[in-house]
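Pasting a structure below so you can have a look.
First chain written, first letter: the chains are A, B, C and D, and each begins at residue 1.
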Amino acid sequence: MPTTFPAADPETFEERLSAFHGIGRWSAVNDGLPWKPAPRSRPHVWRYPVMRSFALEAAEFLKGDAAALRVITYANPGHPDYEAACGHLYAGLQALKPREGMTCHRHAASAIRFVHEGTGGWTAVDGDRISVGAGDVIVTPGRQWHEHGNDNDDGLVIWQDLTNDPLVSSLGASFFELHPQGTHLKSTPARDSLACWGGLLLPDTGRRHRESPLAAYPWARCREALDAAARAGHHDPYDGVLLEYANPATGGPVTPTAGCRLQLLQAGEETLKHRHTGSVVYVAAEGTGTTCIDGTDFNWAAGDTLCVPSWAEHSHKNGSTTQEAVLLSVDEFPALRALGLYAEEPAE
Amino acid sequence: MPTTFPAADPETFEERLSAFHGIGRWSAVNDGLPWKPAPRSRPHVWRYPVMRSFALEAAEFLKGDAAALRVITYANPGHPDYEAACGHLYAGLQALKPREGMTCHRHAASAIRFVHEGTGGWTAVDGDRISVGAGDVIVTPGRQWHEHGNDNDDGLVIWQDLTNDPLVSSLGASFFELHPQGTHLKSTPARDSLACWGGLLLPDTGRRHRESPLAAYPWARCREALDAAARAGHHDPYDGVLLEYANPATGGPVTPTAGCRLQLLQAGEETLKHRHTGSVVYVAAEGTGTTCIDGTDFNWAAGDTLCVPSWAEHSHKNGSTTQEAVLLSVDEFPALRALGLYAEEPAE
Amino acid sequence: MPTTFPAADPETFEERLSAFHGIGRWSAVNDGLPWKPAPRSRPHVWRYPVMRSFALEAAEFLKGDAAALRVITYANPGHPDYEAACGHLYAGLQALKPREGMTCHRHAASAIRFVHEGTGGWTAVDGDRISVGAGDVIVTPGRQWHEHGNDNDDGLVIWQDLTNDPLVSSLGASFFELHPQGTHLKSTPARDSLACWGGLLLPDTGRRHRESPLAAYPWARCREALDAAARAGHHDPYDGVLLEYANPATGGPVTPTAGCRLQLLQAGEETLKHRHTGSVVYVAAEGTGTTCIDGTDFNWAAGDTLCVPSWAEHSHKNGSTTQEAVLLSVDEFPALRALGLYAEEPAE
Amino acid sequence: MPTTFPAADPETFEERLSAFHGIGRWSAVNDGLPWKPAPRSRPHVWRYPVMRSFALEAAEFLKGDAAALRVITYANPGHPDYEAACGHLYAGLQALKPREGMTCHRHAASAIRFVHEGTGGWTAVDGDRISVGAGDVIVTPGRQWHEHGNDNDDGLVIWQDLTNDPLVSSLGASFFELHPQGTHLKSTPARDSLACWGGLLLPDTGRRHRESPLAAYPWARCREALDAAARAGHHDPYDGVLLEYANPATGGPVTPTAGCRLQLLQAGEETLKHRHTGSVVYVAAEGTGTTCIDGTDFNWAAGDTLCVPSWAEHSHKNGSTTQEAVLLSVDEFPALRALGLYAEEPAE
């Protein structure tokens, strides 16, 4: 092949190159190669009363089959076209009316759900049905048949989906399938996942489930664990008393891409500032507070959803000097660690 | 070097070779290279009332400093000179008199302890002191300072040590050290290991403890887990309802060399026969039964210690048609798996 | 909170919701939740003579500092605005003129480079400089200082960058830094990475490098390995003789997110069709052929770059009945496997 | 159960207890619970000319079937009854006469072999036959059918077996089996393990062989790697230039229990003293030298076998001021690391 350099015509270069699906990297580098992470997601707080009201309104005009995806998606203001609350984390709010249920389905994405209200909710993974109520965290592993519903005759169940859907779609790995029979609840007694996996002993299977085999983490035990950790002196300067919902089969995160944590801010506590790669979506579970993100204060109260984009400097402050505040969060740390891309530093 | 073959003198060969620390492999192969595992350990049952009586007697004549190692070692009849109950597992019985305590020490070996009797026992790992009572399993990781005692004014505490001492010594890796101050109990409130590690959430440390950070597994919760697993339908054809004491930080065994399990035999249950590499020492925790080992029946009742040598064919039978029986066991499976030497097969 | 359902106004619902950064999931589900992967990337072939000509032309009008990013980015026709050749894989072509060099820099992304032409190229990772020539594969681990250049007085060096830049940016984990001194080549003899890591023995460091410590894989040895594997009967029905550039410290892929492979199609060979999650960018290294992607044939000759999007059905055919063809490829499989999202199936 | 303490009779205690297979731990603790490792193995050097002469003599009177185990076992002087060279490492010397071969067999133990003399040796793992000669290291994974022989019409082949037999037997996991047909050499061309696994690329199998898939490590390449590492500046203060024979599928040791290393002492070099858990058996491959073990000097010359017991302080000295010395060694480090029992420290 000749090595003679062609005559240069910088004026028309980009246009000619574009016809062959090329781009001069020098022209695009500011977007593609930042000096530090430049996520499109912006910090934001979604108010629970507002989003809840929309969820309830939608329940009035979407019924029957149309109700299956009656979820209010939280769309980050930085990318209104891209259905993610922050980074590659999806968040959405779903109200289940009395006696409603969702068709059995499965997908490659794995889901973490936080129950905001109600007591008669149920979820079934692989046909094993369990009851859930306010404060519970539900884990639905990818690729497993699951279905949900509300068993009440008159009470609502409202929960929030926190999933890795955007990541899975972005990686070209999204599969979705409806169960051919619409349901496959087992008639036999359920294999109670809390009984089997939530104790100090494990079924001696030798299997190492990459997603938590625990279908639900009951609020009472989790809240109690937070108090116990506080009494035992566990404390993180950036996050207060911080515990991770653990996959009992591995001691690791509940899913291979997204982790879930619960943290307690003592009355009056204000944490130190830090930043890290990986987005975090917080749901305020108790109390009120303020999270300062890249210099701006974002207030939150129980039920609200807050997001902190990758590499944003942030610190948390309990809004009360007399009561504890509790934040639940879902993060992208497991994915970033698996790929060797996790980084963290204290604020300068 | 010359390749001429020296004149052969088979008669004196072994003797001449021996002077140079050589052995003709052909002369020794029956011992060293069996066609299948030929452990020196033999099946055996140690009766609790008998061994307990010796432990109590020793407590009468060994006091003060001499009491520190006042443990009745269970020595396998197959190798009375080698202090192991079976294979490379040590078992011993220790009675702590009221107000007795042991000097703080540490060693490379890791220990699993099962409390036979009493309620006012205590154990401290790295200065954090917790109370233990009958049925509890205590895990003492290798290389950590620990101490134990009996807080009662008049009641006995009796527990059984189940350790990997023989393996550690055999591998030339045994270290033992007394604490220079004799004790290092912390004056601050203890970091309660059950509160921190026994829930559904874990301290977000990212650390992966190879030995269980849970200092003790309380009997009530473990026994309950067994019932729950039974209700959920967990059942192993060779072992009944079988659960493993889990390291919450990894979902794996409580130590890197020895595992600990609890199994329930339903009233009247008789399991199938199998065999596997790795020795097992069983302590009957509840009920009575018979274990058939290589064709011979060994009866046991609560408190008794039974051992099954590597590769011995065995099955268990509950001795009662109306009551459950429970066996606690310590095994060498983690070591064998780590070395690629675990094998298992159903009986022919 | 009240559970009265608000009056429904479906007509204005989306608009009102949008003001609060919400979206009705039912309105967007076709994009966000496909029944199977629906990547935006499309199959495409970039012709080497065309792209090379642009690279040479750019070399005429971008000089000095401006030359640092004088790379022709291959932009997938499915997303001309997003600088990726396929999925989250970046590909770009760079011509280094005689005596040119690039300023020392480092970034979070890791790079795999394939040398198309020339013999006097050099690359330095952490100051250790090695020579590279046509056919060599260069691995530059993320976060390590590196620099490159062309030592020739008159010959060109042309290589192709194949990196995980888009993935790293997409995850909000992109960092880029210029070396304060512009260069940090060591004056001491280089630690020759091929000598240290390319043999049958490894430095006894106990370290497990997640990215290959081998700075370059010389073409002659790689091509020879392909022949040897062919003689030894290694054959994959979908890919012919397929070998992976291995990280000698782990036996795994050269980086934690992207793998690199070399495959041989025998004269006349046509492989079976399959599909898998994860994008692949192929660079034809030898011969000619046709890759059938979702029913459409794409021809290629040595130097051309071809991409196969996630989950596209594909098979390869050697274009010659007398000569071998060789494809080098970079894939996203390590990332997908780490996240539990790899899936593969034969064509129906 | 009564808690009355029985009347104490210390005089007869041990004897009575012994009848019930118990031992007072206080009486035995000096053996069983040392303050630091107290291996039974002692440092020792076996002279090659002496052991070789015995191997040749045995070849004169053991022929045919009797020749199958015609190996001269190196028995440590510290435990002449226990067939191990040091700790749980076996070493033995075997001379194969012209045209001799060994029946195909397999066992749970894995073997590392070092060829002392000859060029026409062969070994076959799973039917794939390769030639070996002086200096080569052969790896025979556990549980795989293998056979060996000498193809020469008149030359001897002498090699040394270095295996984990004692460990496997000690753990009750030893299996041995003769192939029903006596041989299962394949008639097809061998899958050349060096070609497939010895390059920079690996067959893309995704399998992670725990034992090296490389049947042999040729001396020329290994010796060259040592020189390259020396030029690249690799140097260990306790061992000179030290490389590990690597399992190409994992980057780890060649077997899960025993590692193999090659080290170069520069002319005149004397290393620093250290100690570690885990036995090491050295075979001098080149040159002469002295190893100081716990204060005593042990001289060695090429061919000699030297052992260093666990936790013994040692340093090496090249015996020549003009020529390099090379030591091959087999160690127990992988087993100790897998069990969490590896420890190391510089000499005080």
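In the analysis below, contacts are C-beta pairs under 8 Å (C-beta built on N, C-alpha and C of every residue); 3 or more make two chains touch, one makes a residue touch a chain.
Every value quoted in this text rests on a predicted model; they were computed, and no experiment measured them.
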Minimum number of chain-to-chain contact steps, chain A to chain D: 2
Farthest chain relative to chain C (centres taken as mean CA coordinates): B
A-B compared against A-C, more contacting pairs: A-C
Rounded Å distance, chain A centre to chain B centre (Cα mean): 42
Between chain C and chain A, distance of the C-alpha-averaged centres to the nearest whole Å: 30
Shared interface positions of chain B, touching two or more other chains: none
Each pair of chains that touches, named by its two labels: A-B, A-C, B-D, C-D
Interface residues, chain C side, partner chain D - complex: 188-192, 195-196, 198-204, 208, 214, 217-218, 221-222, 224-226, 228-229, 231-234, 236, 242-251, 261-262
Of all residues in chain B, those that touch chain D in their complex: 1, 3-10, 13, 16-18, 20-26, 28-29, 31-39, 41, 44, 46-47, 49-54, 56-62, 66, 69-77, 80, 83, 87-88, 92, 107-108, 117, 142, 155-156, 165-177, 210-211, 256-257, 277-279, 309-311, 332, 335-336, 338-343
